[in-house]
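Note that chain A is present in both complexes that follow, paired respectively with chain B and with chain C.
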Partner chain A sequence: MAKTADGPILEVENLTKYYESGGGLVDTLLGRSQEVKALDGVDLELYPGETLGIVGESGCGKTTLARSLLRLIEPTAGTVRYEGEDLTAASDDRLRALRKDIQYIFQDPFASLNPRLTVGDIVGEPLDIHDIAEGEARADRVSDLLETVGLNQRHAHRYPHEFSGGQRQRIGIARALAVDPEVIVCDEPVSALDVSVQAQILNLLADLQSEFGLSYIVIAHDLSVVEHIADRVGVLYLGEFAEVGPTEDVFQPPYHPYAEALLSAIPEPDPGWEGDRIFLSGDVPSPLNPPSGCRFHTRCPKVIQPKGTDMAQSEWRSLMDLKQRLRKADSLEAVTAVREGVEDEDLRQLSRSALEARVRDEFGLPETVGDREAEEVFGTALDHLYDGAFEAARTALNDAFESPCERTDPELFDVGDDHRIACLLYDDAYPETPTRRS
Partner chain B sequence: MSTDRGRIRITGFDADRVESREPLSDWTETRDTETEGRWTRAWREFRRNRSAMLGLYIVIAMSLLALFARPITIAGVTVQPISLAPYDPGAILYAQGLDVSAYEAPSLAHPFGTDGSARDVFSRVLYGGRFSLSIGFIVVLVTAAIGLVYGAVAGYYGGRVDEVMMRLLDLIFAFPGLLLALIIVAVLGKGYWELVLAFTAIGWAGYARLIRGEILKVKENEYVLAAKALGARDRRVIFRHVVPNAIAPLIVQASLSIGTVVIGVAALGFLGLGLPPSSAEWGTMLDQTRQTIVQGPGGSIPWWVTVFPGGAIFLFVMSMNLIGDGINDALDAQEGEDVARGGEV
Partner chain C sequence: MALLEVEDLTVKFYTEEGVVTAVDDLSFRIKRGEKFGVVGESGAGKSVTALSVMRLIEEPGRIESGTVRFDGEDLMEMSESEVRDVRGNDIAMIFQDAQTALNPVYTVGEQIAEAIRHHLDYGDAAARDRAIRLLDDVGIPEPEARYDDYPHEFSGGMQQRVVIAMALSCDPDLLIADEPTTALDVTIEAKILDRLERLAEEYDTAIQLITHDLGVIAEMCDRVMVMYAGRAVEKATVEEMYYDPKHPYTVGLMSAIPRIGDRQDRLQTIPGTMPDLVEVPSGCSFHPRCPFAEEECTRKQPPLVDPETGEGVGLSDRAAACLAYTGDLDNELDYEVEVRGRAEQPDDGQPDPRVRRPDSEPVRTDSDPVGLDTDLLDQNDDGEDDAGGLSDG
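Entry: the complex of A and B
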């Protein structure tokens, strides 16, 4: 189901959610509270009958996005338009009515069903809330719904704890279907399930889509799930989209470097396969203080070299790592390789050359860096480190090694039909970057 | 060797084959038994608990005895004609021309003896159950209901609402409970409904705090969010999804505190601040005869005037505690089954 001629059924603009972090009253008064930027200006459209997959690693804002869409979490800024009507401005009563059109399937089928209610009451609850059916009609509708999702109507009198994970997820789906919605937001609908059951649930979702003409937004961290079910995919990184496009396009070059790394991590059953996994350096940065410029630049294997610098990409990445590590470091332990079996070593006793070897070892730098100027800067920085002047070392590295990625926040650049990537590599201002050519 | 993905394809997952394979379990429709509800299961669990059942029987027996002790007349119509108590609990027997003196030892005619005013202690103990038991049940019912709603609202809405409501609660906790009740009775005067009011005023705070804590925990569950996503109003979310999952400790607490209230009523009675001195309430009876504990007329101690009302209090409170423990165990055991989730150990 590709994009139809109709306008989008759901249109999200600049959706933003900041959480207040820490901060009791005292912290707020002293201005010490910080904001966790869980979601930072996300735009998306969902067209009738399509499935939009959203992938990303944990903590990148997937669930926040899903819940903000329905205002289960109040977004900080931005608009969500359902058939042209702004949900974020809707009154409570109007919002309740709109819940008939937009439904939600939860990740954990064990936590999302009230253990005190029978399945019939759980599935029938939306009917009661919206006065859709009563008495006989309600019972009929409940058994219809249970049959639709592949359960027996006899199950209506049972309690959730008597069901397996897959069955419970079916109950959750039946509950969402009860109000006859147009859009269903599925938050990791299968991640809590057994692999063998995942396929059943995904197929059920696909069947229901064609039967009822539903539109899905499917959140997942599993790329194979998304590949299976989604028409279009959005790759989320630290609360921003890194890449958006039709599924086939996202799963093929050109890639956003982050999407490329994610794709390389999909397990491949072929023993003859010798593709390389791309390992990202470092951890996901804290959303409390996301990196400047492109949010992925702290880990990006293809981080752009400044004009006039020309060295192997891996060496450049290593130098960037050294620079970033040094920003937070105030001891030599942080930037040197650990010798196995040696404890409480006093690194300040090392000679200049030994220290250099250890630093090169830690960051995988060769004997000499490919670029002469860079080698000189590295030498100067090491001199400062040897003298214990961390601040000077920091300045030396910061001045010399600054990637354009740190300065410029890339917008989503068009790279194909409806395929957009937020990476400076695809900006025409950087046509001669080495990775572009490869 | 290749770097292309997808050269190996897994097949055989077609639905037809899966449906026709061997069943994984021997479950069949015909073996299907009806599901037990939560309360059915709890009741079955409770019935297995012998001491709790003993407590329940004693409480039922005492309630029936109190109910049938004297006839009950409502608006001139006798609705309950049976009279188990041989004498009117308030009647001073020698004034009625009977051959009875004060402090007569237990005998066949007066199984529990007579008190200082020559009233039949057996009749008084039977009849006195009406005061103690009914105050206990009414107070607990009212306090638990108030506490439930108050705590549920505070816990569910949280934030500033919670802050204000809980500070109000601290105000009540700032006073020692019985002392506050004593002050209220002293201000309002003695009487049945004054006692109920006094114990209600101090009693609900504990329930409110208990249920608030539970609700803070329960409202984080995803099914609460699920109900909101369905468009449920707050009232429905609170009373259909949050409260039923948070109420078990409240029920246990309520059953245990019926005994506490009865003791409290008796204590006020003993301090002379309960019901009017002549009434047959157990604590008041103890108060009226407390000087005899030390020494009665003629050096002998008429033990029966204190032992029987005191024993009645003891028996009732102990039975209530047995029941409370039984309910606790029954609900707890069931929680265990419910909380255990697949995939979690």
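Entry: the complex of A and C
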């Protein structure tokens, strides 16, 4: 269902969750504890009857977002308004009442059902807790609910272990439906299921939505699932939204470079399909100490070149990789390619030109970099490396190769109707960028 | 020439609930350097097949019958020490969960070097050197520095790379990869598959790739075998499989996956779930879920035949196990398959299901202990949903 004229049913502002890390007592006393920035100032709206998909790699804060929405974990800052009422300020009693309207479906259908309760009691428990139905009415309601999700009412007397994964997920859905909610947060609802069962559950969710006018927030790592089910999509990267917009818009240009890479990586179930795959350098960085500026700049294939430089984008990416690698490393091994069949080699014995060749090899740099000044800086840095002066090499690279993406944390720029991308490429201050929509 | 030939393999597990026939009379062949995919849902017998090839089936499981010929030699006839020589050296395996495949108390480099020393009789320094090169090959940055790291210092994707490096360390002829990327993010998955493919080519290694992900198969494999309830239901090249599937289960799988760029509202589903292998349905084990099932399907087990001629076939020929091809059914299979790449997808907004099937009722049986989880909503497709639901809402 498309966005309606009504206001949002759920409105999230600046939602933030920091976890304490390294928190030994001594560390805490000395003020040395660090913060894991799992979720860093996320805004979103959910409109009645719509499905909002949240995608991203593991460790980017999807589940933290889902759980802090319902205060299953306490957010560090921010507000969550449900029909105007702030959940983060609600008392425990009030919160319990509000959870009647906002329900949660868990990822693991094996861990989220109490093995000691019958299915009837699992689905009936919310009815007891919220005083919705008793006795015969409760039994009727339970069988209705089971039937709604495609199970048989005979199943009410069985225990969870007697069911398959798909059936258990149906039980979880029936439990969520029991209190007649308005919003359901689904955390990876189908990732534990087989393909054919996954399709059944996705169809069920769609049917329930049109029958009861539900609004969903669906968290998933599988983009094809999200594309299928969601009306709007938010792409999370390291606790921040990289791109938000209607599903069709997010799945076609203009892209956030991260969303583009994610999309290109999906294996296509078609042997004749040939697409250009974008490989990102490295893994998702630790949220303990997220990169400065745009958090994606350490892996971004489109990381912006500083003013006045002019070289192939892949060369620029390679130079950035070299710079980033040197920040953490103090040995030549870390920045040179491995040679075959050479044992116990002392890299410090290499000639200047041999060392240069090995560094170029490791980072895929051509014989000469397209930009003359950049080539000179690279040469200087290499001189320092050759002399064993790592700090000097670092400084040379840091001074000369600084992308605007490292300095500026991009806000979400409007690129279309309700479509926003957090990338400097879409900032008017960088007008010459090729990927912009004309 | 055939590298691996499995014939009439049957594996049973003697559990308290009863005898589970995990693999039932399975035959297939993998050629040298070939990338062979095995698809199916959980419980299809994919992993048990892989473990049987390595002779790693443990109590209460037992390989009941069949031959597994590797390079002409029957693995079933070998002594335990001969098999151990084959494992790692000639056939290597990558498991789904890298974390449990690595020993937490040894450094990653040492674990790779150990395999090299053991199987290839290398000295310490040479083994270390080869291990570092392998780490570099699989795309671990700073391999020399990371040689001395412990597995917990690696991310999931990096751990899986280490496992791949270990599997390739002795230059095996066959690499069995059991869901190698299922636990990983798509961006990492893409990199690892790409790497695996290139290395297999470089080392001339055949791959048996086990996965439930049809996208991964399409990308990597030359030929595919689809398994259902312990049996092969279809064997074909990837092109045949994706553009012209012959078995109703394959058709169901193809239509159940959401595809990017496909704007249909509902996915086609296969009603029900994989049967309990203690009590496999009679006749064709797929008949309770099959939209084309007839009375005969509950009685007669379909053989793997050539779908064109209905004749028996050799180990690597195109084959499907459905009575429609042996002339036992009254009606014909009626479905259309259409697969289009993302790029050519016209954006006309028309609901255009790629695979269409008639909505016929599956034949009911009462063999399922919990009662068949037939998708009630799917059967009520056209019209009034049972409105019993939330009457008070």
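The rule is short, and it goes like this: the second predicted complex is superposed on the first by the 428 of 438 C-alpha atoms of A that agree within 3 Å, B and C clash if a C-alpha of one lies under 4 Å from a C-alpha of the other, contacts with A are read in each partner's own complex, and residues count from 1 in each chain.
Throughout what follows, a residue touches a chain if its C-beta (ideal position, glycine included) is under 8 Å from a C-beta of that chain, and two chains touch if they have at least 3 such contacts.
This structure is a prediction, so every number in the text was calculated from the model and none was measured.
By the document's definition of touching, both partners, chain B and chain C, reach A:Ser164. The larger set of touched chain A residues comes from C, when the choice is between chain B and chain C. In the superposition on chain A, contact of A:Pro269 is made with both chain B and chain C.
In the superposition on chain A, contact is made by A:His228 with chain C only, not with chain B.
When the two complexes are overlaid on their common chain A, residue A:Thr309 makes contact with neither chain B nor chain C. With both structures placed on the common chain, the touch criterion links A:Arg154 to chain B and to chain C.
Of the two partner chains, chain C is the only one touched by A:Leu202; chain B is not. In the superposed pair of complexes, A:Ser21 makes contact with neither chain B nor chain C.
In the superposed model, A:Thr118 makes contact with chain B only, not with chain C. The interface of chain A with chain B overlaps its interface with chain C at residues 152, 154, 158, 162, 164-165, 199, 203, 266, 268-270, 272-275. Chain contact summary for the complex, chain B toward chain A: residues 1-5, 7-8, 10, 13, 15, 29, 32, 34-35, 38, 221-223, 225-233, 236, 240-241, 244-245, 337-338, 340-343. On the chain C side of its complex with chain A, the touching residues are 41-42, 125-126, 129, 132-133, 136, 141-145, 155-158, 185-191, 193-194, 212-219, 238-239, 242-243, 252-254, 256-262, 265-271, 273-274, 339-343, 369-371, 373, 375-378, 385-393.
Of all residues in chain A, those touching chain B in their complex are 67, 70, 72, 95-97, 99-100, 103-104, 106-108, 110-118, 125-126, 129-130, 152, 154, 157-159, 161-162, 164-165, 172, 175, 179, 192, 199, 203, 266, 268-270, 272-276. Chain A contributes residues 57-58, 132, 141, 143-145, 147-148, 150-152, 154-155, 158, 162-167, 177, 180, 194-200, 202-204, 206-207, 211-212, 221-225, 227-229, 251, 261-275, 277, 279-280, 282-284, 325, 329, 331, 333-334, 337-338, 340-344 to its touches with chain C in the complex.
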